[in-house]
Amino acid sequence: MRLYILQRLLSIIPVMLVVAIVVFFLIHLTPGDPASIILGPDALPEDIKALRTELGLDLPLYQQFFSWFSGIFVGDLGDSLYLDMPVLTAFTSHLGPTLSLAILAQIISIVIAIPFGIIAATKRGTAVDQFFMVFALLGISIPSFLLGLLLILLFAVELHWLPAAGYQPLSAGLWNHLKFLILPAITLGSIQAALIARMTRSSMLDILSMNYIKTAHAKGLKERVIIYKHAFRNALIPILTVVGQAFGTLVAGAVVTEAVFNIPGIGQLIVNAIQRRDYVLIQGTVLLIAGTYVFINLIVDLLYGVVDPRVRLNKK
Amino acid sequence: MSSQPLLEVNHLKTTFATEEGPVTAVDDVTFGVNKGETIGIVGESGCGKSVTSESIMRLLDEKTTKYEGEVLFEGKNLLQLSKADMRDIRGNKISMVFQDPMTSLNPVQTIGDQIAEVIVIHQKVSKGEAFKKAEEMLRLTGIPAPEKRINEYPHEISGGMRQRVLIAMALACRPKVLIADEPTTALDVTIQAQILDLIDELKSELEMGVIMITHDLGVVAEVCQRVVVMYLGQVIEEGEVGTLFSRPLHPYTRGLLKSIPQLDGDRTEKLHVIEGVVPPLTAVPTGCRFAPRCAFADDHCTSKAPVLEEIGDGQKVRCWKADELLKKEGHEHNAATI
Amino acid sequence: MQQQYEKQEPLLQVKNLQKHFPITNPLGKVTGHVKAVNNVTFDLYEKETLGLVGESGCGKSTTGRTILRLTEPTSGTALYKGKDIFKLKEKAFMPVRKEMQMIFQDPHSSLNPKKRIGYSIEEPMKIQGIGTKAERMEKAMDLLNKVGLRRDQYYRYPHEFSGGQRQRIGLARALAVTPKVIICDEPVSALDVSIQSQVINLLQELQEEFEQAYLFIAHDLSVVRHISDRIGVMYLGSIVELAPTDELFKNPMHPYTRALLSAIPIANPHRKKERIVIKGDVPSPTNLPTGCVFHTRCPYAMDRCKSEAPSITQGANGHQVACHLHN
Amino acid sequence: GKSGNSGEKGGTLNIAYMAQPPTLDPHVTVSVATTDIGRNIFETLLAFNERNEAAPLLAESFESSEDLKSITFKLRKGIKFHNGKEMTADDVVASMERWRVLNGKANTYFSNSEFVKEDDYTVVLKMDKPFTIAKYILSTNINFAAIMPKEVIENAPKAGVKEYIGTGPFKLDEWKQDQYIKLVKNEDYQSPRSEPDGLVGKKEPMVDELNFHMVPDASTRTAGIQTGEYDAALQIPYDNVPAIESDGNLKAITHPEGFSTVVYNKRNGIFSNEKARQALNLAVDKKEVMMAAFTDEKFYTQEHGLLSKEFVSWYSEQGKDKYDEYDPEAAKKLFKEAGYNGEELTILTTRDYEDQYQIGVVIQENLKKIGVKSKLEVYDWATLMEVREDDKFYDLMPMGYNPVTDPTQINFLDSRTKYTGWSNSPEIDKLLDQLMVAPSDEAAKEIFGKLQGESWSYLPAIKFGDYDGVAAIRTNIEGFEWFHGPVLWNTTKSN
Amino acid sequence: MLAETRKVVGTDVIGQKREIAKERRALFLRRVWANKMVVVGGVIIFLITLLALAAPLITQFTPYDLEAVNRLKPPNATHWFGTDNFGRDIFSRVVYGARVSLAVGLSVAIITGFLGLLIGMYSSFYRILDHILMRIADGLMAFPSILLAIAIMAVMGPKPINVVIAIVIVETPGVARIVRSAALVVKEQTYIEAARAQGASSWKIIWSHIAPNVLTPLIVQITYVFSVSMIIEASLSFLGAGIPVPEPSWGNILYDGKSVIQTAWWMTVFPGMFLLLAVLGSNLLGDGIRDLIDPQSNKAKK
């Protein structure tokens, strides 16, 4: 088992390699120059040139790539061109808000979506089913910049229940931390909830037609016990997959939501880095996100084994 | 026969709502099971055996299924029972072994959990006790080292063992009636024999009534006291095993019995077949359902549906020609088969 | 009949066939093997039906699948018309595929649920370029009729059929191209007796007409007896006894065969007979017993059986058996 | 100096700001954010007073020599840097020399000049020729000449100093990247004595903390001030102003924000032809342009002058006639004459500055009306900055500029700056040179008038008008002033 | 005896076949009609498409006509949906915007569906390819769509097609993964083995046996992609990398409306409603089609 985890973790390397190459050349081929952005639109060509030299941007591309890439192996992702800090520090300092947000959003979406999906499945074809599914679709029909703003207008501006935007770390107290995250988490969660609810429903439908559900009925079990104890656990694998992917995308940056709610997370980090053409930061962040992705997928895969004993054996 | 059957199915009719309109898979099925008796249900594949057994337990999807008639058990009509009362009966007083052992066990729970579960809900004992009982049941079914197996998952054991787990589960609460839907189809004869023996032993011990659904007439001959023959959703003949095998009255039953390859038969001879094909449930013939394939059918048969009638010796048959046939070949037949 | 065979060249000769499935841990490292088929040797002659019986899980299906190279054999040879088909490249094997078909054991999963059964039946013809579209359709409908289904069921999907009907569809599919060899893996196990006899008769008719050879795998010994010219009895991956049908029933030599025969339920409530009960559980195919594989459950097991695997001995009347009691 | 220090002291002022500055070092960047935040930390020798005249700030006084070839600065005594060190001429010289090299304009105009220390409290700027408007360049508020300690200057990397130590009323306390910049009151601040006047005069840090929150999304800034999370929010969308005004707790403050233009590519394509440039000037409805971008007359002035109206001393009527022209029919003809035959013109713009994009949309529509095809190419700002350097890439580029304090700061005039658009008018260049060495303010003003006239006929760009920005503050904030950016000293917050 | 039945039926095979086919068509139509989801979803999508195609006929204004003095007028008799911040007619922008949004949604859905199917299928079938493709997919999934969008738009120019490319790149790995996971299960089924036993080529096995069985999850996924890509397009507008304006798309109308949401609700409500309808319609249609092509689901239908 430990070996397996190790091997999976090692599979990060090829992923990272792909990502590293693609992101490096992609971003360097994109127009825009970090030096001229730092110095502003009226900067003199000589100054820009001097800054480019100082930042090492005037070296041939392959040389830049190798010096950056070789750094990765000793754990050095380089320093941000704009933010005056190592990439790793920038990433970790932005990871906290993103993680809190992702976890809260995920909890919200799961709490809404799974019961919805289950109820819709058990009431398949009825009005209840249709109502829940349409409701779930609302989540993916409203762009988050709009939903976020509407939530702010309602809960912050009108009702004054929650702050409009911003972020406080956990160290400022749990409520202080949470109150800034509730609205963005709902914004994000509603999108995820739609997908998870749909997946839950279809997966539950598959399971509910299985023979062992009939066996459970024949045992004289209550409907509720059958659904939650027998059916749901079997239906969990595809649900877990989407939850895992959803979580991955959340961590990779809820770009829009973070911008609307002004949460200093990974999404903001990457958007700012892109707008500033902060090459080193973009490269490093994308790389770290890829790593996070692989890591989350690993956890999901391990959870498969916990949920379904068959998976433990059938692993290839 | 005995005064009051343990379980009585009266004019059961099960209708499914389908896209192509209502489909009556089981139509006017009547039979009963007594204490300590094994009754066999045989018939063409698709004739409604499983639907009959699932109707007794009311396991079919309530939304698309309509039941008519009655299923009497301990004086109550199961088809009218509340859901909660029905749950008390399921798995407790009447239990069922499903047709397909491979898919009838929950893949994510251990065998022990699944057996203990039924004990916990019906006998209100602690989990630990239930596990002990589960282990005991497994031992009874002849599974070696049940204390180990109890913690294994269904995919870790063989098909024969899964079948035995299902039986253990069904018998865990010592039910009054056991419905076994083709419990041995997937098994080879040696294991089949073991399982049949087991059911037989428990039957005598618990005075259970057993409904045994099977294709294998050999099995019927070995374990059943009475047989019900079904065709296209209807019971067409019912009787004591001995009588029925030696004096089948319905032309379909006769065809069925004649089709069995005999162990001592002449191998060069062709097997007997019943001509024609079973019509779909959406187009059941008016009149006798077997008439289109029957050698004896006449206009009366094709126009008017026969009813199930007692002929004597507890034998019932649904055929206009039964009397005629009985008279004509009663004695010849005995000589031919045995 | 068997004398006849001796003169004839066998159509298919399987020698020392072995198939071990590796068991891997999550890392892909092999930690052991499921020894599904250990030592299977038999000949199959033209127009012949060879029955194969044995405990569930003893490797019958695997034997069939390996011969068709649906899984690659671990070792052994299979000569078809004198050519070793295990050594052929995938391309060169294609023409052989045309002459060998299989009816799969599991009627539930061997039909593509998204394809109309008409399509499934026509497909082998299409692959081998037989006939025009209309001809193929005609033939498929014909085959449906032959196996006791209705022509209008051509457009139906597999789930609309009962297990028995599906099994017949599988049969129709195998018959769509007239193969020389059909491996019938329990083709009648889900059928009720009336349809069972219909199918068996059909198989026999076709054998007459097209001179096909069948490897007929089944649980039901009375059926096997009826259709087979010879019967092989398998136990835990090996053929322990192989003899012409009447010879086997008259004179079963291996203790397992005897137990098997004694357990056959007879469809006659007036006849009861003694059963030989074999005790114990089937050993795991990952961890085969030493010596004779049956010794752990054999009522006649001797010391020798535990250490030494019996070899196959040729007896009279073409009767082969692998048992220390008989050599 | 309208507002006194009537309010209470103390408290934290939370300001919702748009974007994080790349650095707080005013020497290295023209970023407005650096100015807005940095002016609280750093101070300059000279700064603008309310009439946009150069006035002494860290200097006690300054004086030009007779020949206009040198300026002498007397420094105020007892000024302490945030690190406790006293400011002397050494620090001033080091800072000014660094700024002279790094500031684009200074680098051009002071390339042969030098700051020298005369004594500890006297510094002299020595120039090679007479230079009238030197004092304006020295007072510039963007990319400004902050005075920092000499040691800091000596260790400064190219991308900007890392220790932000100035003499201003607030000190940098914490900079949480992309979240906030927190300044705290400088208890030892030495204020000029005179009445508050623009950026000079009495400056007193009233609140304990200034907290600049980086809130890039405009709607969020609006919502944040509505909920009271912020005390002030800058760059409120014009369309949100009614919501602000209807809220009793809020006040909208409009302030000059810049001027809008469209820059021609004069090196390649049709607009290298002066006729075509004039044709466009005739074709575009300038009112519609300003309206679309700035929504309401409240927020813009149609203004032909290169410097906005507040720069009273520079005002000139020259070019107004050209500005007022609007005649699509004539435009159509003129385009033909210029050789236009159906090619598709490229308008380069970005949505990072919504007004520029909106101007682009209107220009496109106006062109369409006279049968000129064009397409909008919208890029993000960074890309635009790069592609606009390519003279084959675009024909027109709507661009907004911060208010400039003297004509030399207008990028598109001088051909020698090689600014995108590539102006190439020897006439304008000559006038600019004359302007710089004009013997007196009056002479300068006259030359400027000519320059403005010439620029309207050469048309390096069309100026559409001046526009305002809107800041919102809560009503418990007093003394919040806007002068080329928020003025946050003297600002109080009551409870 | 079996031969006899054959003969009897054989006389009118053609007629019977025609009969069967006719019945089949009738049944299929009946099933389509009975499937409320397909009907409702189909009608919604059809109407929106019709509206988009007929845009020039039903609008009085072009989506570009601006009239700055008329900016932000609430819905009235001339401007049914009001005007936007340029004084452009929102009704006409929404209707024309349907063209872009539907085109983006559809083309992304179709392209990702196709690529996802291709990649998913082949990587499920060939082990080595699987390793390569899935690592690339993992890598691509880590890319922020905004980065790709900006990069692609910057390199290849701001054209609607590049928005599509950017979204396709981001969405394809997900679709491929779903297809692959479904195909891995299907691949192990006996019917695949059966096809192999008949000598079917890998190509045939992949495309005519595995592919139809992964269609269900694929359809669910691509209707999701259809919806999501319209939203992503909107979000890209939000980040300044969406459909190049002034071409209207629901995304950029919504984005323009965002800043005036407190004063001009009509700028967000109308395009928002259309977006919602399109999402709803496509999802209903997708679910319905899935039910239709899934032969098994008919049984459970009422």
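By written order: A, B, C, D and E. Residues from 1 in each chain.
FYI, a residue touches a chain if its C-beta (ideal position, glycine included) is under 8 Å from a C-beta of that chain, and two chains touch if they have at least 3 such contacts.
Just so you know, these numbers come straight off a predicted model, no measurement behind them.
> Which pair, A-D or C-E, has more C-beta contacts?
Top pair by contacting C-beta pairs is A-D.
> Among all chains, whose Cα centre is located farthest from the one for chain B?
D
> How many angstrom between the C-alpha centroids of chain E and chain C?
Chain centres of chain C and chain E, defined by C-alpha means, are spaced 48 Å apart.
> Just the number, please: Cα centre separation of chain A and chain E in whole Å.
That pair's centroid distance is 23 Å.
> Between chain C and chain D, what is the gap in Å from one C-alpha centre to the other?
Result: the chain centres lie 90 Å from each other.
> When the centre of a chain is set as the mean of its C-alpha atoms, what distance in Å lies between chain A and chain B?
Roughly 54 Å, centre to centre.
> Could you list the positions in chain C whose residues touch two or more of the other chains?
none
> Quick one: which residues in chain A touch 2 or more of the other chains?
Only 30-32, 125, 149, 153, 259, 274 qualify.
> On chain D, where are the residues touching two or more other chains?
Where chain D meets two or more other chains at a single residue, that happens at 219, 352, 379-380, 383.
> Provide the residue numbers of chain D that touch chain E in the complex, in ascending order.
Per the stated touch rule, the residues are 218-219, 222, 237, 239-240, 242-243, 287-288, 291-292, 295, 350-352, 357-358, 361-362, 364-365, 368, 376-380, 383.
> Which residues of chain B touch chain C once you look at their complex with the stated criterion?
42-46, 144, 158-160, 185-194, 196, 215-222, 241-242, 245-246, 255-257, 259-263, 265, 267, 270-274, 277, 280, 337-338
> Taking the touch rule as given, give the residues of chain D at its contact with chain A in the complex, in rising order.
For chain D paired with chain A, touching residues are 20, 22-23, 28-31, 102, 104, 107, 143, 157-160, 162, 176-179, 213-217, 219-220, 223-224, 226-227, 229, 352, 379-383, 385-387, 411, 418-419.
> If we count contacts the way the header does, which residues on chain B are in touch with chain A in the complex?
Spelled out, the residues of chain B in touch with chain A are 54, 57, 59, 63, 83, 86-92, 95-96, 98, 100, 103-109, 117-118, 121-122, 153, 155, 166, 169.
> List the residues on chain E that touch chain A in their complex, please.
Residues of chain E touching chain A: 135-136, 138-144, 146-148, 150-151, 154-155, 174, 177, 181, 220, 224, 227-228, 231, 234-235, 238-239, 251, 254-255, 258, 261-262, 268, 272, 275-276, 279-280, 283, 287, 300-302.
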